[in-house]
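Both of the next two complexes hold chain A, though its partner changes from chain B to chain C.
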Partner chain A sequence: MVVLCTVLAAPLVVVLWSLVDPAGDVWRQMWETRLPGMIRDTLTLVAAVLTGTLVLGTGLAWLVTAYDFPLRRVVGWVLVAPLAMPGYVLGMVWLNTLSDPLGARGVRSIWVCAAVLTFTLYPYVYLFARAAFREQSGHAVAAARSLGCSPARAFWRVTLPTARPSLAAGAALVAMEVLTDIGTVRMFNVSTIADGVIRVWFDNGDRDAATEIAVLLVGAAVLLITAERLLRGRARYASTTGSLPTPPQRLSPLGSAGALLAAATVITVAIALPVRRLVLWAQEAERNDQTATVAGDLGYHLGNTLRIAGAATATCIVAGIALTMVVRRRGRPGRVLGRLCTIGYAVPGPVVAIGTVVLLTTLERHGLLPGGMLTVGTFAALIYALTVRFVAAGYQGTDSSMAKIPPQVVASARTLGARPWRVATRVELPLARAGVLAAAALIAVDTVKELPITLLLRPFGRDTLSVWVWQATSQSLWSQAALPSLAILAVGMVPVAVLLYALERGAEVVS
Partner chain B sequence: MERDPDVVTVYTGRHYGIEDVFDQFTEETGIKVRFTSGSDPELRERLVAEGDNSPADIYMTADAANIDLAATAGVLRAIDSPVLEAAIPEDLRSADDYWFGLSERARVVMYSTERVTDPPVTYAEVGDPMWNGRLCMRPSTLPYMQSLTAALIDQFGEDDTRAMVESWVANDPLYIDSDVDIIKAIDKGDCDVAIANTYYLGQIQAENPDIAVAISWPDQDTRGAHVNVSAAGITANAPNPTGAQQLIEWLATDGNGTFANSNYEYPANPEVTESPIVAAWGDFVANTGAVRRLGELNSTAVDLLSDAGYK
Partner chain C sequence: MTAVVNEAAHELTALHRGRDADAIAAPMLRVEGVVRRFAGRPVVDGVSLDIDAGEQVVLVGPSGCGKSTLLRTIAGLDRADEGRIVLDGRDVSAIPAERRRVGLVFQDHALFGHLRVADNIAFGLKDLSRRERSARVAELLDLVQLSKLARRYPHELSGGEQQRVALARALAPRPAVVLLDEPFASLDERLRDELRGDVTAVLRDEHATALFVTHDRTEALAVGDRLAVMRDGRLIQVDRPQVVFDHPADRFTADFMATTSFLPAEDGGVYAARPHQLAVERGGADRVISRTYLGGGQQYLVRRSDGTEVVAGVAPDGPLESGDPCTIRTVATLHHLPPERGS
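What follows is the complex of A and B.
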């Protein structure tokens, strides 16, 4: 546990080390100038995006699980698709599209930024909510209905409270994504704390001060984790019987039309219009013969993206499962520690990247890295940094599915003489496999979209699709960013499909 | 790190047309160039963090301040090159030969030729209340904005510069994080006046010669328009310093035209002529004297921008 935790948290510890000697001047100066605005913008943005994603994610999940209407299954799948859309791509598209109606000034607002983030992040809540609604025992809802509850009342009184742990997990993911976003907020002139960290670090060249501000983010993450714990409370919702969920209620033709319209609107904003715009841009780039960079063509960037995302996902899942296993044997303190050592999720990518560089070069200088392995600029170093950043999703995914396994099942296995390791591999993991696969898919999508760490740590000859997008957008060459953006979307759809498949299968096994 | 004498490794914060230039160098010399791009300060931080292990031979920036800060941080080495000393004017290279400017760009006032007849002719006039709500600016995260401020501090002192920046802020500028988008915003009518780099206008004019945006050269009666450089230096631990020096020397001489003109910049080598689009803007007084001081004044400039409420 200690070893695993140290490995996962070391780059951040290195960064946080600067706190040993805090610089009061920087704080005073920051407090007198930008800090209050940064805190205000951050809180506003997080609150707005959380509200948006919770309403959208929970509402849509409820729509496709509790009601039946034509194309319901397809709608249920398609609503997950925006997961593959990077915020910086959706932001780029809407910034350009809305510049005309809203004006260049009007479009650069915290609310448009919040909307863009909501439409890229709501699938996190949607997925968690849908899984929760599906995994729920139908008995409780059936009982409520038989006692005279309307479907709506049963939703508020039974379904929603029961889904609380999952909603909290989804919301926590969303909040962390917002707290650490840099690309999208900058596009819309929103000065968040993460943006401030990067400003102080790279503009003032003051790593120590930047780190001290980054601590605010880590603090916010700890608060979030605590909030999630409190929301979960001591409640444990597990069902012992393999009952089927309540059959969805058939909607009237009018209701069906409404449901389809709602889903279609979301998809239009989040995927359809942006894709259309990207295709138009890509055609323009094609006409101008700008569909490759000097490093290579689509195939080259695609190959690198797949290699990096694949390796990072595998590492995150292995580390996440290992962590869950050791943590679960240690009760509450173990869990707190488990959360703390996956705090990389709360730290902006560039901070993780530089922490990794400082750590690895220090180790190398002292001859502690075997034979040039893991040195900066290697594939392994990049994967390590990505793991530090994204392992939380693997850990949280595994942990929250395991929490749903009825304790009796584990107890029975132990009573029958199985050792903890055997229980874990033969009972707990198979039962949690829907959650593990979902986590793997989330990490895969995240690493395909990831930019700052890949940009800073990619080895030579390993330019990814996201790096290509950055190279084009940093020069405002929107049309040249279109093809790699579409490719990121297409690649991201694969884990999304895997995830849906896993959820379909998982639902049978777990609920 | 591999030490292949036929490969030079470049960390570059300058992106425009860099590939074609390196390809041409490889064709002429047989030395391959591999490069990784990023923002100037991020690459500098990576160099500092990598220390002895850095695979980089050359650090190339689009701004004098960042490369000078890298020299101060000890990650560059002095270059002893009569070729470079002959090719690059003294103002455009570091005092102790840690870096050499390869091309110049000016950060100037641009305005709408349709709606503005009397554009600002100094940086201070951009703060005139008549531009309230009509101004577009880049956020201060941009090294060019920091270096412009540093050059103004060099010329006018901190107090006057602060007053100037505050007068810009008082005009409620629309901050847009892209010079290209700023110029297009002037064309579309979202703002009338802005401060932007010359070569972005060149890029746009190459595609659309009739864009209704023109340059107003600022401070022509005093020290001149603020200029900055794309510059290169050899890293302290360069695995291939010989090849690195060869590349920089080539970029300052035979390759200087391709390097500067492919991006509509002014060649740093006075012997090389600029592209027709750039030549058409006419002559101007350039404040080259401040280029060497941009690094040391950078942190003062960043703090001043922040204090003045500049986004």
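What follows is the complex of A and C.
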């Protein structure tokens, strides 16, 4: 347990450690030059995307839970699809589409960037909000109605406040993704802190300075989590046992048309138009015979993406299950420890990447790594960093679905003579499988899109689809980025489908 | 014998009706021929019911008999396919829930988890000034004896306390009628008995007109001024609890209200016998099948010579064992039920 925790928390400790010995001159120089602008851009972007995703995600979730219209179920599923769309791909498409009306300079604005991120990240809020609306007691709304609230007023005064903890969780995930993003912001010339870390690391080659800026990101993440906890506050769900949710209200033909139009617009902006554009570009690349990079062809990149995403997902799930098992048998101190070693979810990708690099190089310099196994630049080191970043999803997915198993069930298994291991493998895990599956799907879709960690730590000759897109877009070679973008989208759709399946089977979304 | 019993029953009913006739005001709630269909099947099938101001009526019936749907229809959460709902002289059939002046109390309390107790109670008081509102909240907190918990959140309360908050919240805007849907079902038995008395008292203090829904027959007998028995979407009998208990309208109601044995009558109908009205005597053509100890006494399941089974609660010859030969004798005037269609 302690070993697992140490291993998972180490890269972050390393980053924080750099605070102990701050390089004063670096800080001073940063403050005088780029840092204030970076902080301002980061805050503006986070605020804008949070507003956008909350409005869009909550609104759409309300539409598909409170109202009934033709194709409602299908619409409910399709609206999750943008989860597979990386921000840097959507950004690339809209950058081009809008550069005619807005001009080459006008399009590179923080607001267009925020809009692009909103359309790729709203599914997080949507999923949380939908789950919250679905499980809410219809009786509370009925009571509000009988106390004089119109349906709309009941939504604002009861449904929305009751869903607040879930909305906060979804919003926290969105904010974390915005803090972590490096591909999209670079495209729109928005210099956020994460972008600064990458620039200083690559362009200036100043690793110490990059590490120090990374601390700012940790600070922002901690602030975010605190804000989320505060938002949850003392107010919690009242007991809602045995009550049914309000049956959805059937919309008039006109209303149905409006609902479908709204959903279709979102899907057009987030998926349909981009795919059409990407296909056109891919055909252009095909004609120009640019369907491969110096490293290899589509199959080569695809293979690397699948290997890395597969291995990272598997490791995260195994580590997550192991953590859950140990924590659940240790009671309260275990729970605290569990939180500590899954703090990685609150830490942006670039920080994890830098922490891992610093940690591993330091260890290697002192000859503490057996046989160069985890040397920076190896497959194992990359998977290690991805696990640190995403293990929390595995842990919380398993833990939350196991928490729903009635204690009597476990007690029955124990009294029937099953040892803890047997209880875990024969009773707890099978009962929690929908939750584990949902967690695995979320991790998979995230690792397929993932950029900063993969970019910094990928082994030589292991370029992934996302790295290909990054390299092509950073040189504005749009048509060459189209093919890998389509591939990422196609690969990402598989875990999204799995996620939907798991959610239908009773899994919960967790953060 | 039957004639005498029926006459008595009618007399009691007439006495009760007399009260209605004397009342000058129209009923506070009038349900008129309400029909509600789901997928073509009537769940509420032509229900009519009048409730007077200040009266407490219990709607009782087995699960799935349509009582909750009827309640939702009255509250305006569901629309009737046919019929009318008249509240305080006003036809509210087409009026949405929020403008009907109906209070609702649910089994799961349905408190607003994000609001403190006082704010939950104040929720429906939006038309009052700030001072009037806090006065009304204080009054209700006092009424349900929760003044000390006003600043708490719902999840920090016990089940019984939550239930009282839900009641106070529903009563606060002085609704025309309070509807209570299985209000005590989520509480444990002892608390339920205690709270039942409290709630009835609070409703009386507020002069509230109330309609309870329950599937618990003991509760139904204990709570209301009148009892309405519902089955398959129809009201079978509406009367004072004692009348319904002693003179049920049909075999279903008789059996639903308490354990009932049916003895054949000369006219093809039956006599409904409760265990305390049947004695089991030693020797004869009948046979004891089993004996159950019920704390207060014994109950015997007896197979009669004609093959029917009855439950008897009186044993003048001392305890009998299963297998003993015996005879069933009636020790009270039995309630007669005429032949039923289709039975």
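The rule we apply is simple: the second predicted complex is superposed on the first by the 377 of 511 C-alpha atoms of A that agree within 3 Å, B and C clash if a C-alpha of one lies under 4 Å from a C-alpha of the other, contacts with A are read in each partner's own complex, and residues count from 1 in each chain.
Please note the rule applied: a contact is a pair of C-beta atoms (placed from the backbone, for glycine too) under 8 Å apart; a residue touches a chain by one contact, two chains touch by 3 or more.
Quick caveat, the model's predicted, so the values are computed rather than measured.
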(request) Check the residue A:C149 against both partner chains and state whether it touches chain B (first), chain C (second), both, or neither. (result) second
(request) Would you check which partner chain A:R419 touches, where first means chain B only, second means chain C only, and both and neither mean what they say? (result) neither
(message) Quick check for you: in the superposed arrangement, does A:H366 touch first (chain B), second (chain C), both or neither?
(response) neither
(message) Touch test for A:F202: chain B only (first), chain C only (second), both, or neither?
(response) first
(message) In the overlaid three-chain picture, which partner chain does A:R164 touch, first (chain B) or second (chain C), both, or neither?
(response) second
(message) Quick check on the superposed pair: does A:A140 touch chain B, chain C, both, or neither? Answer first, second, both or neither.
(response) second
(message) On the A-aligned overlay, A:R108 touches which partner chain: chain B = first, chain C = second, or both, or neither?
(response) first
(request) See if chain A has more residues touched by chain B or by chain C, and give me that chain. (result) B
(message) Identify the residues of chain A that lie in both the chain B contact region and the chain C contact region.
(response) none
(request) Over in the complex, which chain A residues touch chain B? Could you list them? (result) 29, 32-34, 99, 103-105, 108, 186-187, 189, 191, 198-199, 201-205, 207, 293-294, 350, 354, 357-358, 361, 364-365, 375-377, 455-456, 458, 460-461, 471, 474-476
(message) Quick check: in the complex, which residue numbers of chain C touch chain A?
(response) 72, 75-77, 96-100, 102-104, 106-115, 123-124, 126, 153-155, 159, 162, 166, 169-170, 172-173, 175, 186
(message) Please output the residues of chain A touching chain C within their complex, sorted ascending.
(response) 137, 139-140, 142-150, 153-154, 157-158, 161-162, 164, 234-243
(request) Write out the stretch or stretches of chain B touching chain A in their complex. (result) 9, 15-16, 19-20, 23, 34, 36-39, 41-42, 44-46, 49-55, 69, 136, 139-141, 146, 174-181, 185, 188, 190-191, 298-299, 302-303, 306-307, 309, 311
